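Working notes for the structure below.
By letter and in written order, the chains are A, B, C, D and E; residue numbering begins at 1 in each of them.
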């Protein structure tokens, strides 16, 4: 059972990881911690619902439209709302994105009402079953899809940031905005791109998790909380850190849920994370220097 | 603003006699949130620490007081004081991480604390699990039972007044200025003898104590508590109240609390989502009135002069 | 008589040696300047002394090793400082900033404040009196109730010095007090500093780049380069010192000069 | 002197609140003002909106006929978002400012429990609660009239059904870690204890969870022969869906709050074959009497909400309105709160349109104690048992 | 072209809030020239360079290759052939040496061949970088970082290279090496505008110098004719 739980934990953790990843990308380049992140994704899930279930579009097409919409919302938010106040204090940043969160929640309520809506799984066939001497591992197809897509996104992102010129330029902006301007890099454009990527990732996460949670205004709340925790655990500046952070939280949660207490699953997981942070305040892969806070 | 401060009691004291008894219950609620938000204010505005977990202190205060009164029949006043004290002790424990982490990291640590406390309360028998605790009697002082909301209103008002008096005395004294100094520049504050350890813990302690007092009043005023009432939203609301109303001003916090607690009642008949208004208000206030709604009144005043 | 004696002070940041085995004595009553090119480690020395950064070595101040004292207790021994890029409490008024300067001299506690005890009243009026005195002397009395961030840069510098002076220090450390001031402001600040020094009987350690001022104001000068002391002496000795010229103008300078 | 004067004015004003005859508040020559609290926004709005529609449909129908004894029903609605803190304030507002005659059909266990004693102490009748909390009926309270079956009772019935009808012995229980789940579990455990059995495995989950993989893995490795899910619609569907995704195939029984078209709509194929309990009857071929009544119900409902299929929450609201109106009629031409209570206590297996078999006595306030089982087949509810009662 | 000023600055003013960092300076750089701006700390040298590269708000007229760039955004200036190698190097510490150089070639990113050539040129100039091309640049020594910063600035073949205190924190030997490299760079056709505290090394390689004090030029002239004693006085006061 322990293997099965770890695998299930990795799949849950993969979702935490990409939420963390999206947060970290935006944070690294623009220094904004986006507390409305999950709720921006939620809007995309509603767009998907509208395209797929109401208008009756093709699944893939609806998927692409909702992700593109999420990217656009993210772009607009960064450009229109957050860019003008880039240098405010962390507390104010929390509040302003919190205001955004309330606003998005309200908009969703107003536009789509508060009934739960359903998005179907893309893959609904028989689960993948692996038998081996120690036991049996069952992975539902939708979870395989999640794992596949998340891995794909992570690999694509890492390749983009490490191999392409533009990706490297974005990393340059994250490390030193002023000097990157001196290289001729349009840092303002890079910031927008980082939010577009972040928004697309958030939408992807929302659409992937929606069949499980249903679509409703608060659907992303717990995913967002865990995504944040994962990002902090990973060091908030580090992309590999956020992935490791997300997956380890997923696994910790499942193991705690199995062997310690179901009721206190989240509590124990959070306690472990807080303990790690107290021992290593900069997170697992964070660096002690130059924290952007 | 200061000039017109004397006017406030003349508005607040006779308020219950407007003739809308149910309104008083709302005023009581606004007052209780004001007390908790003053606690938040001390932490954020005064000491510059973020907390996304203050709902936990609210819960600790409410549950301590409710358990003492319902299960052990301890007089309200004692339960009230103990709940503030216990919150304070736990506040100090939570403050310890604040010495190691700051900014967003602290926000996440306190958020984790808030979520954990909510979950822990749901698990134990003595707290009534997810069922919560019911039939918590109204605040009483020996034979006097403040079951009428009017009495509760004056009790709450009195506590806010006390908090206001203490805050106004402290704000230009050693401890208040030391907190401000710590917030503005830790390095300079240290250089002039401010012990960061002591003041960070003191900020957490007093914030937790005030929030705990508010929780105790809440339990007795509402008469029913359950874990779902003390969720992340409450913590965020407390923070938002401070920001909207005006950081650092008791009157401002009151206005903020009225905005966040009172407005939903006002709009409960209409089919319009209150969060849109709250969200827009938060954003606009942060963009244009970084010192909160209080600043708007100030601006009005200056214009009149000019 | 020596007021502060630094011996073997070293500061390392992650393997990088910022200050290496630095020693220096400051005579009581002296105006002692610490100079050197950018990145030589001057501010690091001061940060080590005031325990902002961890360090090894000793710094005996009237028999007490400052390097063993926690940062917030340094002021109690009579060492006050200003900061390179102004570390004022920017949301407080000038009065509030000066008040914190006197923080460590205040004996009342929270309960005295809440209940306005006799002790509170007498201490509070004493401090306010001090604040007024200092502000009169520095000619910033008119700004007492102004938020400090609203003041011109030069005035903010004065406030920062006032905040240090009100703490009644024996040793006052000034970190680049003249940076960013125009000639007029510099002259004014220079005379203020000299006046304060004699009035309060201060010993001053100053980091400064403006050589004209350093040469005209100092009793003694220590020169640093690459984290080490390269020279020490009176202004006239320093100006002749080959190592100083090297440090400032580059190592090929002497051959040409 | 001035001070004393001011003081006595204040005291006088304070006392005006205390003395007043309240027994016929809310009764006017042409109308009766009653109040209700419903979650019209927030996560439970789907329930509150439905329930309110059912109530309004019935009251509209009654009012169109001229009301009860010449008085129309005037319903005040407050949105408490199923947040008990708001419920308390809203109910105080109804009682103290709006002077409602009675509170009819409040939604949500936390809110109902939070205000039941307040209403009882203030002698305001509280008819029908959208909650199955046993505390409402036990101990009985003079002014509180629960109608819905309570969860403890339901737990008993489910356990008995699984053991006696379905011959299951390894019964797993997944329950929401809150009052509803706990009470269902209590009922199941007590009933199983009577059979000298225990639940095979019990798993508590948090009401806010969305991912049940670790719980399902636990379940799979325990390998039970049946599963009871004591949770609300969304969690139950999540669990059922994920169980199916994991390829697990066992009989699943869930509780009556889920017996709603939304359960099928949201659950889709995954909820096929799930067994539910019900207390609001559904029309079938072998029950022509009730089928006629059900058609009447649909007619009444669609008069207010044309072309809309009522949810089961609407049915609950409808029943609440029915019970109240019938009692008001019995209470005579000049009803008081006391006479309403006395009228309610005469209900003996009373059948209205939808309301079936409602009984109240001064010492037993469990209005409805019988239930039946149904199964989801081809996207509809199909009854698979007759009425079952414990008593 | 050779006699025309490639860079001409008229009446440059830089203000930080109430502080005037640069107070109306005018100067020029000719093609293939090395010009140094000398002065003590806080004199306004760095602000001058930041103003030229568009990083900070500035007043006055800046003409580069007959184009007015006084309002141009910072990230557009390198495209014109004007590159600043910033103070304290400003390398990207979490990137490899090679990637750092690549960032320097951002303006010519479409021309893969030219990038390859220029990279080899830089490696030829600084062999130690070639040895460490895969290393994270944050782990390099101070001298190597300076080489990297200069190399990076050369990657897009600027017409005028501006350097802000390349000698900062380096040992005398390394300073010599860096300045010899600058001479070589200049020989291959790049004009250099140098800001330095280390006056003597700077003077040695410069054609002309300006000495800055409190945001103004206190002294200017041909580097060979400058009087060392006067210079020393400007530095040490006294």
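As a working rule, contacts are C-beta pairs under 8 Å (C-beta built on N, C-alpha and C of every residue); 3 or more make two chains touch, one makes a residue touch a chain.
These figures come from a predicted structure and were not determined experimentally.
Novice: Could you tell me which chains are in contact with subunit B and with subunit D alike?
Specialist: A chain counts here if it touches both subunit B and subunit D, which gives A.
Novice: What are the two chains with the most C-beta pairs touching?
Specialist: Greatest number of C-beta pairs in contact occurs for A-B.
Novice: Computing the C-alpha centre of each chain, which chain sits at the greatest distance from subunit D?
Specialist: In terms of C-alpha centroids, the chain at the greatest distance from subunit D is E.
Novice: Report the inter-centroid distance (CA atoms only) between subunit A and subunit B in whole Å.
Specialist: 32
Novice: How many angstrom between the C-alpha centroids of subunit C and subunit B?
Specialist: One centre to the other, that is 41 Å.
Novice: Indicate the residues of subunit E shared as contacts by at least two other chains.
Specialist: Within subunit E, no residue contacts more than one other chain.
Novice: If you look at subunit A, which of its residues touch at least two other chains?
Specialist: As it turns out, subunit A has residues touching two or more other chains at 109, 221, 263, 266.
Novice: Chain pairs in touch?
Specialist: After working through each pair, the chains in contact turn out to be A-B, A-D, A-E, B-C, B-D, C-E.
Novice: Flag every residue of subunit A that touches subunit D in the complex, lowest number first.
Specialist: Touching subunit D from subunit A are residues 1, 4-5, 8-9, 11-12, 109, 113-116, 118, 120-121, 124, 126-127, 129, 138, 140-143, 209, 211-214, 216, 218-219, 221-223, 253-254, 257-258, 262-263, 265-266.
Novice: Quick check on the complex: what are the subunit C residues that touch subunit B?
Specialist: Touch list, subunit C to subunit B: 50, 52, 71-76, 80-81, 83, 87-92, 96, 99-101, 103-104, 106, 108-110, 113-114, 116, 120, 124, 163, 167.
Novice: How about subunit B: which of its residues touch subunit A in the complex?
Specialist: 44, 48, 50, 52, 97, 100-105, 107-109, 111-113, 115-116, 119-120, 122-123, 232, 236, 239-240, 243, 272-283, 286-287, 290
Novice: Please name which positions on subunit D make contact with subunit B in the complex.
Specialist: Going through subunit D, the ones touching subunit B are 10, 13-14, 17-18, 40-41, 77-80, 83-86, 88-90, 92-94, 96-98, 110, 113-114, 117-118, 135, 177-179, 182, 206-207.
Novice: Considering only the defined contacts, which subunit B positions touch subunit D in the complex?
Specialist: Its residues touching subunit D are 17, 20-23, 25-26, 29, 119, 122-123, 129-132, 134-135, 148-150, 218, 222-224, 226, 228-229, 264-265, 268-269, 271, 273.
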